[in-house]
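Each of the next two complexes has subunit A plus one more chain, namely subunit B in the first and subunit C in the second.
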Partner chain A sequence: MSKTEGQEVVLIAVLVVLWLALGFGTDTFFAASNLQNILATVAPVTIIGIGMTAVIVTGGIDVSVGSALAVVLVVVAKMVRDSGLTLVPAVIAGLVTGGVLGALNGALVAYGRVHAIIITFGTLNIFRFVALQIFDGKEVAGVPGTLEFLGGGTEGRSFGIPHSWLLAVLLAAGMWFYMRHAPTGRHLYAIGGNAPAAWLAGIRVNRRLVGVYAVTGILVGLAACCVIGGGGLVAQSAGTGLELQVIAAVVIGGTSILGGRGSVLGTVLGALLVGTVTSAVTLLGWHSELTALFIGVFILLAVGADLGRVSRPPSAIAGPDAVPDATAETPKDNQYSRHSGGDARNRPDPDSHRTGTPRHGQMRERRRRRE
Partner chain B sequence: MKRLVTDRVLLLVALLVVLVVWMSVLGSNGYLVAPYDVDYLLSSLESVVPLCLLGVAELLVIVSGRGGIDLSVGAMVSLVGMAFGFMVGVWHWPVWAAIVGALLAGAVLGAVNGFLVAWLGVPALIATLATYYAFSSLALVSNDNAPISTQPVQDLHSLTSTVGQVPSQVFTFLLPCAALAWLLANRTNYGRRLYAVGTNEAAARFAGLHVVGIRFRAYVLSGMLSAVVAVITVAQFASARPDAGTVGNGMALPAITIAILGGTAITGGIGRIGGVVVASLFVVWLNAGILLAFEDSRGSQYQLLALGVVLVFSALLNRLTLRTDHSLK
Partner chain C sequence: MRAVIAILLSVSLVVTGCSKKDQPAAGDQARVKVAFVPKLQGIPYFEAMNTGGRKAAKDLGIDWIYKGGTTADPGAQTEILKSLIQQKVDVLVVAPNDPDSVVPVLADAASKGIKVLTSDTDAPNSVREMFVNQATADGIGTAVVDSLMAAMNQRGKFAIVSCGQTAANLNSWIDVQKRHAAAKYPNATLVDTVYAGEDEAKAVSMAKDLMNAHPDLTGLIGQCTASAPGVAKAVREAGKIGKVFTVGVGTPNSMKPYLQDGSSSAAVLWDVEQLGYLTAWAGLKVKKGEQPQATNNVSAKLPAVKYEGKMLLLGDPLKLSKDNVGDYDY
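Take a look at the complex of A and B:
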């Protein structure tokens, strides 16, 4: 854990330096409206990033979140507009819709035993299709302000802080506690570290996997409610490219894309950094297109800092011409051969995962008693 | 029959035949809004060209192993396309010199990816995500978010005239590139080494291969193939657009889809050029058929569904065939 906390300290330092520089460099950065705007914009990415962190910690990835967001957006927006749903039922509808989509991803990843990036590339297209079908050729305009409580407007703030951001921080704290202290949360790290070993140790790998993808879906549903609350019409292209923003926030936060390492707090800071950079480019009057360039540079810096910090284990693979850097990650040599992905021949017989020999039953029993 | 399930290229060819026959029958019975005939199939080859070339680019980097993937191909198409637009349209270079320049630019961008992934050991997904952002941003900034469509650029459109019904870029760009890629993968030392590195990096290193250099070159090749696509795209639209490769879902996602559908194993070391070529033909002709099945624009929505379903099923099928092999051993 100390390694990821290192990243968080660095991120906080970078954020403080950036904020100070912007505070002195511009008149408006510390204006309440600007800060509120940043927080409200960053909240949906942060909320989805909480789930994405858990997914990436298990060694997976979910690139379908943008399309899933579009589905929830159009479903909830149409329900609110056409059936006059009130706040709570609307949010529940969003959570359920997102949860169903996420569980579908999870089931395919866990039981299909195909690497998550392929499955979610597929569902990215399928979800976008579903969304476009429900859009039925028109954007959704004239959505009533039922969800404004979650948006960043005057209705959606308490003590000047957007509710969506408070929610994001609360959820992040909860997820941080869960992943760090709850047994099933620790299992996520175990799965990302070594899925077959985790399974042999009695962790129900498939159940955890379906769980993290479903939770990500539910969080996508919540983020969609915040987006609708922000007002404006719901366009058919909504959510395009969102997955890359979320992954960028997670990676800048120090979570290893190879799985087994990372924390939600880093993700929150990463999302804040992305939001700050976006706002800074606008305030300084630079080309808004430069934002992406800075995000790219920050991703590389974050990964570079991470690679520099990871101690290099002595490795049998290091041959005569090995470049020092190339051996840095040899134990995690092939990110795609982990848990459900990869090569069946290198792993225990997949079918025995489900039947569970008596020995494993005993191990599970013993573990349960310990807990 | 067994080979049909285990051999991805054969399976795709069979699917392709079924698709074309089925669509033609539908067409001749009047279920489609326009005939699904040879002319239509040939003219739709236009969209095969970029898809197939980028699919080959993805194949090379995925085969190179260690989670190889290139999310930045679309951004490289945009950026090299803008560079090509400047060379032809603003600096008035002769076209051949500009094409060479574009290839060099693509190689440089690919080398950035290769340096990050192979030399520094940054996971490919992250490195190319970062360069995706960086390249697409530079492409947009390069000409103030405006396309370049001066007269010399518009004249490039002649590069994409048709020969008979076939778009000429099939002969001038696609076939030579596909043939070269096939030769490179199957008939050269480099190809053998690339597959060796992807299959088992440790063994490759002990066999005396320069793993880092071999993987690096796979990313450079991916950049150069993106440059070829950039040239074609600029010629096709008669304009160098700063968002050519990144608009909407971009070009990278379909290219990765094609590579995986073509039987490339995401774990590295497995994948055939022929599979990618047939897969891109299959997807384009499937899309072309779907487009004819609907009178309004809903066809393009069903294309998304078809792509997603085909990808998920082909991946699940990959598992099935691997498991079958396993039980036979």
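Take a look at the complex of A and C:
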């Protein structure tokens, strides 16, 4: 955990340096309208990133969020425009739609025994199909400003701060507390560190997995409401490539793509970094394509830092019998062993037991690394 | 297990193969089959072209086939073109995603006796016999700049929010806009050109970035159907209606609310349905081996279509304002 926080400290430092440089380098970086634009733009990615962090910590991934967003966008936009839904029912409709899609992902991942990237790659295409069917060959134009409370306009701000960003921060704080202090939140790390052992330790692995994907879906629903915001146009291409933006924020935030390690705080900082760089490139009058270069470099640096941590010989971290990564760094990693009254990690061959999750590959990988 | 999969696959191949062959054969064998492959299916622009094409097919007594991918992907488009060649259509019209990557497959079609045309976007290096052009780059580029300058009182700073960085037609419009603005409006300066992809939300965000970067900016151009409403929404959300003026290449339905509240001063487009109509008409003409006249009376709505150097030109761009935007439904 302390090493993850190391990444967060580095990120905060990078952000501060970047902001100061932009503050001196441009006249308008610290103008309210600019900061408001960055925060409002970053908010949807951050909100989804909160769920994605939990998903990736369990050793999974959800690449279907962009398509799921498109489904929620078209459903909510049509309801708002055609049925005159008001703010609260519209948001609820968005959360429910997103939650259903997310729960479907979760059920398939938990019980399908196939890696999450395959499952959600499938649902990415299926959700996109569903969205296109609902679009019915027409983009949704003329969406009224019902959801402007969550949008990027004046109505979407209180005390100058975008509501969508406030929501993102609140939700991130909640998720951070949950994953750090709630027993079931700690389970997510245990599952990502070693799913069979977690299962043996009495953790309801499948239930936790369905939960994190469903929560991600609900957050996608909320993000969609923020994207609709002041209304206007919802086009068929909406949400394309969003999954990569979200995963970029999570990975840059220091969450290990192998699972078992990471924090929501890092994701928030990662999203802010990406948002700042994207905006800065325009602000400085540089070519738009440089954004892609910078984000790519950040991802490689972040993953490189992560690999640097993992590939250190186990003896450098602890004794020869220690589990190399996540669980060893988790201060409360005996949380789950308490349930079984012993140390699950020392069982001879967890692979030979039934497990509800497809982590054998990772298990083998870990063991190989240990040897 | 493997055997079962193999059987299933072969069955499905036979089934889909049959249905593909049956579809066109269901019509009268003598009818000319014109297939149009859009950049992607399901977006209002090409759906409107399809509507026009179907109308023409009814008037002219031909079969109109409309088939595109769900993404604007050159590879997927090539696959669709290949499948249509397999179906032995008479005329193949394509709006290429990548003008160069369709060259071999179009040559293949021509070698099998299929007449090849392009519409909406040209593939000048291909064997196509005709290009149905919605508007010239000059027509669009000057119309956009003239409309914006009218709103900006012919002076001030403006910026362009374009979409795909490699989109040939958008880039050709940008070139014209730069040249035209420099020549005709000496008091106006283009300060930046940014690329938002085909993403409205990103266009909104980038337009706001531009307004922040240049506090004295008074004009924005939304270069494609995603960024045209995007720049208008940015102006509306920034509370700069009447201070920053926008003009874009946008579809009527998407621009309507912005034209009405003044966040968009004008939108420039062409009559997309008529472009579809003209595409079908051109396909039949080429199949019959007839050379169009210099000026053609295609239909009541297209009384004088010009033809020059293998290019059929739909006509002058359509200018949308708050007064006429309600007349179109796409």
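The working rule: the second predicted complex is superposed on the first by the 306 of 371 C-alpha atoms of A that agree within 3 Å, B and C clash if a C-alpha of one lies under 4 Å from a C-alpha of the other, contacts with A are read in each partner's own complex, and residues count from 1 in each chain.
Keep this in mind: a contact is a pair of C-beta atoms (placed from the backbone, for glycine too) under 8 Å apart; a residue touches a chain by one contact, two chains touch by 3 or more.
What you see is a predicted model; the values in this text were computed from it and never measured.
Of the partners subunit B and subunit C, which touch A:61 in the superposed model: first, second, both, neither?
First partner only.
Who wins on subunit A residues touched, subunit B or subunit C?
B
Applying the touch criterion given at the start, work out whether A:108 contacts subunit B, subunit C, both or neither, answering first, second, both or neither.
first
Does subunit B (first) or subunit C (second) touch A:289, or do both, or does neither?
Once the two structures are laid over each other on A, A:289 reaches both partners.
Tell me the contact category for A:128 with respect to subunit B and subunit C: first, second, both or neither.
After superposing on A, A:128 lies in contact with both subunit B and subunit C.
Once chain A of both complexes is superposed, is A:304 in touch with subunit B (first), subunit C (second), both, or neither?
first
Between subunit B (first) and subunit C (second), which does A:181 come into contact with in this model arrangement: first, second, both, or neither?
After superposing on A, A:181 lies clear of both subunit B and subunit C.
Look at A:248 in the shared chain and tell me whether it touches subunit B only, subunit C only, both, or neither; answer first, second, both or neither.
first
Of the two partner chains, subunit B (first) and subunit C (second), which one does A:117 touch, if any: first, second, both, or neither?
It touches subunit B, and subunit C stays clear.
A:240 contacts which: subunit B (first), subunit C (second), both, neither?
In the superposition, A:240 touches subunit B and subunit C alike.
Let me check the overlay on chain A: which residues of subunit A are in contact with subunit B and also with subunit C?
Residues 128-129, 132, 137, 237, 240, 289 of subunit A touch both subunit B and subunit C.
Which of the residues in subunit B end up touching subunit A in this complex?
65-67, 69, 116, 118-123, 125-127, 129-134, 136-138, 140-141, 144-145, 201-202, 205-206, 208, 210-212, 248-249, 253, 256-257, 260, 265-268, 296-298, 301-302, 304-305, 307-309, 311-312, 315-316, 318-319, 322-323, 325-326
Within the complex, which stretch of subunit A touches subunit B?
61, 108, 112-115, 117-119, 121-129, 132-133, 137, 237, 240, 244, 247-248, 251, 257-258, 287, 289-293, 295-297, 299-300, 303-304, 307, 316-317, 319-323, 325-326, 328-329, 333-337, 341-345, 349-350
Would you mind writing out the residues of subunit C in touch with subunit A in their complex?
Residue positions touching the partner: 42-44, 47, 70-71, 165, 191-192, 194-196, 198-201, 204-206, 208-213, 215, 226, 229-230, 233, 236-239, 251, 253-254, 256-258, 330.
Can you tell me which positions in subunit A touch subunit C when the two form their complex?
Its residues touching subunit C are 26-28, 31, 33-34, 37, 41, 128-129, 132, 135, 137-139, 141-142, 151-154, 227, 230-238, 240, 278-279, 282-285, 288-289.
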